[in-house]
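Look for chain A in each of the two complexes below; its partner is chain B in the first and chain C in the second.
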Partner chain A sequence: MTEIELREALREWIVRTSGRIGREALRDDTPILEQRILTSLHVLELVLFLEQATGRPIDVQRLRPGVFRDVDTICRSFAARPPS
Partner chain B sequence: MSHAALPGRDPRGLPGYRWLANGQSTLAGPLLDLYRRLDRLFLSWAEEWGATEYLFPTFLPARELACVDYLRSFPHLATFPVALDPDDENLLAFTRGEAPDAEGRVRLTATTPVVDVLTPAACYHFYATFRGEHLDEPRYVTTRATCFRRETHYAPLARQWSFSMREIVCLGTSDEVKAFLEDGRRRVARYLEEIGLDVAWEMATDPFFRPQQSPKHLAQRLDPVKTEMVFDGSLAIGSVNFHRNYFGEAFQMRREGRDAFSGCIAFGVERWLLAFLTCFGPEPAGWPALPPGQV
Partner chain C sequence: MKGGLEETVAALTAASRRKAVDPYAALEWPQTLDRTRYFMSPELISLYGTETWELLDEPARRRLSFWETVNFFSLNIHGERPLVAGLAERLYRDGSEGVEAYLHHFLEEENNHMVYFGGFCRRYAGKVYPDRQLAFPREYAPGEEDFLFFAQVLLFEEIVDAYNVACARDERLEATARRIHLLHHLDESRHLVFGRRYVAVLFARHAATWSPETLEDVRLHLTAFLAMTWGEYYNPCVYADAGVPGNAYAIREAAFVHPRCRDHRRALTAGCLRYLRETGILDREVES
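Let's turn to the complex of A and B:
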């Protein structure tokens, strides 16, 4: 999945899972945990979503603070890098 | 900083200090005066925001904590007030027992249902008090409460079953609360620098039950909301906490049409006392200037 595809799928997943924000209101820099658009109970679901979307396992113990800050940060961190 | 002033960070033996094996301290004389002056210092910071002071009772109804899932998140820390069932036969049966036994244990007969919890953190009282309120401006409040946290071990002034916590709390919009917390951190850091108390600001998480299995712990680790004031590498003497709108949502507190945000600056009074004694020594002449202690 490219970064553009991941971004689109992630936005859709957040809006559907959260139920607290509309598609238009969710910007790519909206702080989704700080604003509690996603709560702590959604964090593991987000990990599962990203594992399925990227096809790669995620070791939660190695996740860094701030990695789920917003759509931009998540996509930069988890999208597949194009071959150089 | 002279750590030789209080070897091993152990206040036992200081005039006016008595350590109780059940994780509690008795203070008198200069130590009590320092305790009061420290709290007066925290209160003077609270006054700079115009914070209203509250004095709360010791118990909190368990149902108030249920809406923030406290007892499932921190069951290992909770302490409950318990009383004997007032039935005359039950009380008579109790009086016929050995209370306490040779090991100090009181064997209870029938008890009344437990519906309260001893205050685990000072600021919970505010959310229960302001439940359902719509705020038309940011609200600044403060309280000092005796808090109770069951631990696996205790240490004089450093880790106690009951201890004093002063909190300054802001309820408002996200921006109002963040500005309060930044201002508070700056204010405290400036004071610590002025007096030469060596404190590092470190990100931390709350002490959740089974943290490896706790989604709340994972969320706090990934989006830190707690910064501790750590003295001498290991003693957290206070913290700055951003709750987001967690309490606003749980207690239906609203600000500008949305769930209110909240944050608090918390000071562990006994731990500040220990940091002062460790850094400046037990002699009052060595302590930095503090406001008079009329609290």
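Let's turn to the complex of A and C:
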């Protein structure tokens, strides 16, 4: 999944999972935790969604604070990078 | 109600002292386990009744039951670590008067359980499945954090104990796993009595001071917590470790929405949810 595809799938996932925001209102810099669009109780499903989308396991205990701040940050942190 | 809580705390404290268990002597740890046995009742396995389950032969189902048990014990460890921390935080703090004697036992017993669960996972699986939860700091209304802490503990333990009771009785299961389920249940049965009583007391004490928005937030939080708790029972790492053929994430998604699995979750949480509605904590039917 490319970063563009991940971004689109993530937006849809957040809207569907949260139930607190519409697709039009969710911007890529909307602070989804600060505005409680998602809460800590959504992390399990979000991590599993990202693992499936990227094909890579995520060690939650090693994540830096703020990694789930918004769509931009999540995509930058987890999108598969092309081999250099 | 206050008197009721005091009597409950006194009775539970006495029972905990009378039935105290040395976690290091309560179990013998065989060098190896008979991996051809079931480790969890098949009816409790997350894939039971699904199309994937039907494709598995008997040895594969038993292999899956071992890894499901490792997941069950792992998620108990991850539930008990913050529980121990949260109980310790609440000792000798304003508002905890009257329940502290029992909180000491609650904390001690939860620590003991991790000896069982961790011992099993490390010895026989070589690992504990990682925790996929993160807690974010947030603001709470007065009493809301304490109420949510104990209400979450109650929901978590109600589900866990249903598994413990069924597995402890199940003669098809491997003996060490079965004994851990029994030891856990013997303590949990007291924790559940305390949890139901104390959650109702905390709700009665604080809910009247909350705004309608806070009350609705609390109810939504508990609903989301229940969904998340059940979500942990469907672990793609389990399916991969057990060699279940197919995409482990797709298997998880299909199982979670499978009618049989929904019925299973609904049946196991029906009693607890009915109690939460009767006490006014929840005001609607909640999907498990």
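Assume the second predicted complex is superposed on the first by the 82 of 84 C-alpha atoms of A that agree within 3 Å, B and C clash if a C-alpha of one lies under 4 Å from a C-alpha of the other, contacts with A are read in each partner's own complex, and residues count from 1 in each chain.
The definition used in the following text is that contacts are C-beta pairs under 8 Å (C-beta built on N, C-alpha and C of every residue); 3 or more make two chains touch, one makes a residue touch a chain.
Computed from a prediction, not measured in an experiment: that's the story for all the values here.
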| item | value |
| --- | --- |
| Chain B versus chain C as contact partner of A:39, first or second or both or neither | both |
| First (chain B), second (chain C), both or neither touched by A:7 | neither |
| First, second, both or neither for A:52, with chain B first and chain C second | second |
| Contacts of A:66 with chain B and chain C, given as first, second, both or neither | first |
| On chain A, positions contacted by chain B and by chain C | 33, 36, 39-41, 43-44, 60, 63, 68 |
| Residues of chain A touching chain B in the complex | 33-36, 39-41, 43-44, 60, 63-69 |
| List of chain B residues in touch with chain A within their complex | 174, 203, 215-216, 218-224, 242, 244-246, 249 |
| Chain C to chain A touching residues, read off their complex | 130-136, 138, 221, 224-225, 227-228, 231-232, 236, 249, 252 |
| Contacting residues of chain A [partner chain C, same complex] | 33, 36, 39-45, 47-48, 51-52, 58-61, 63, 68 |
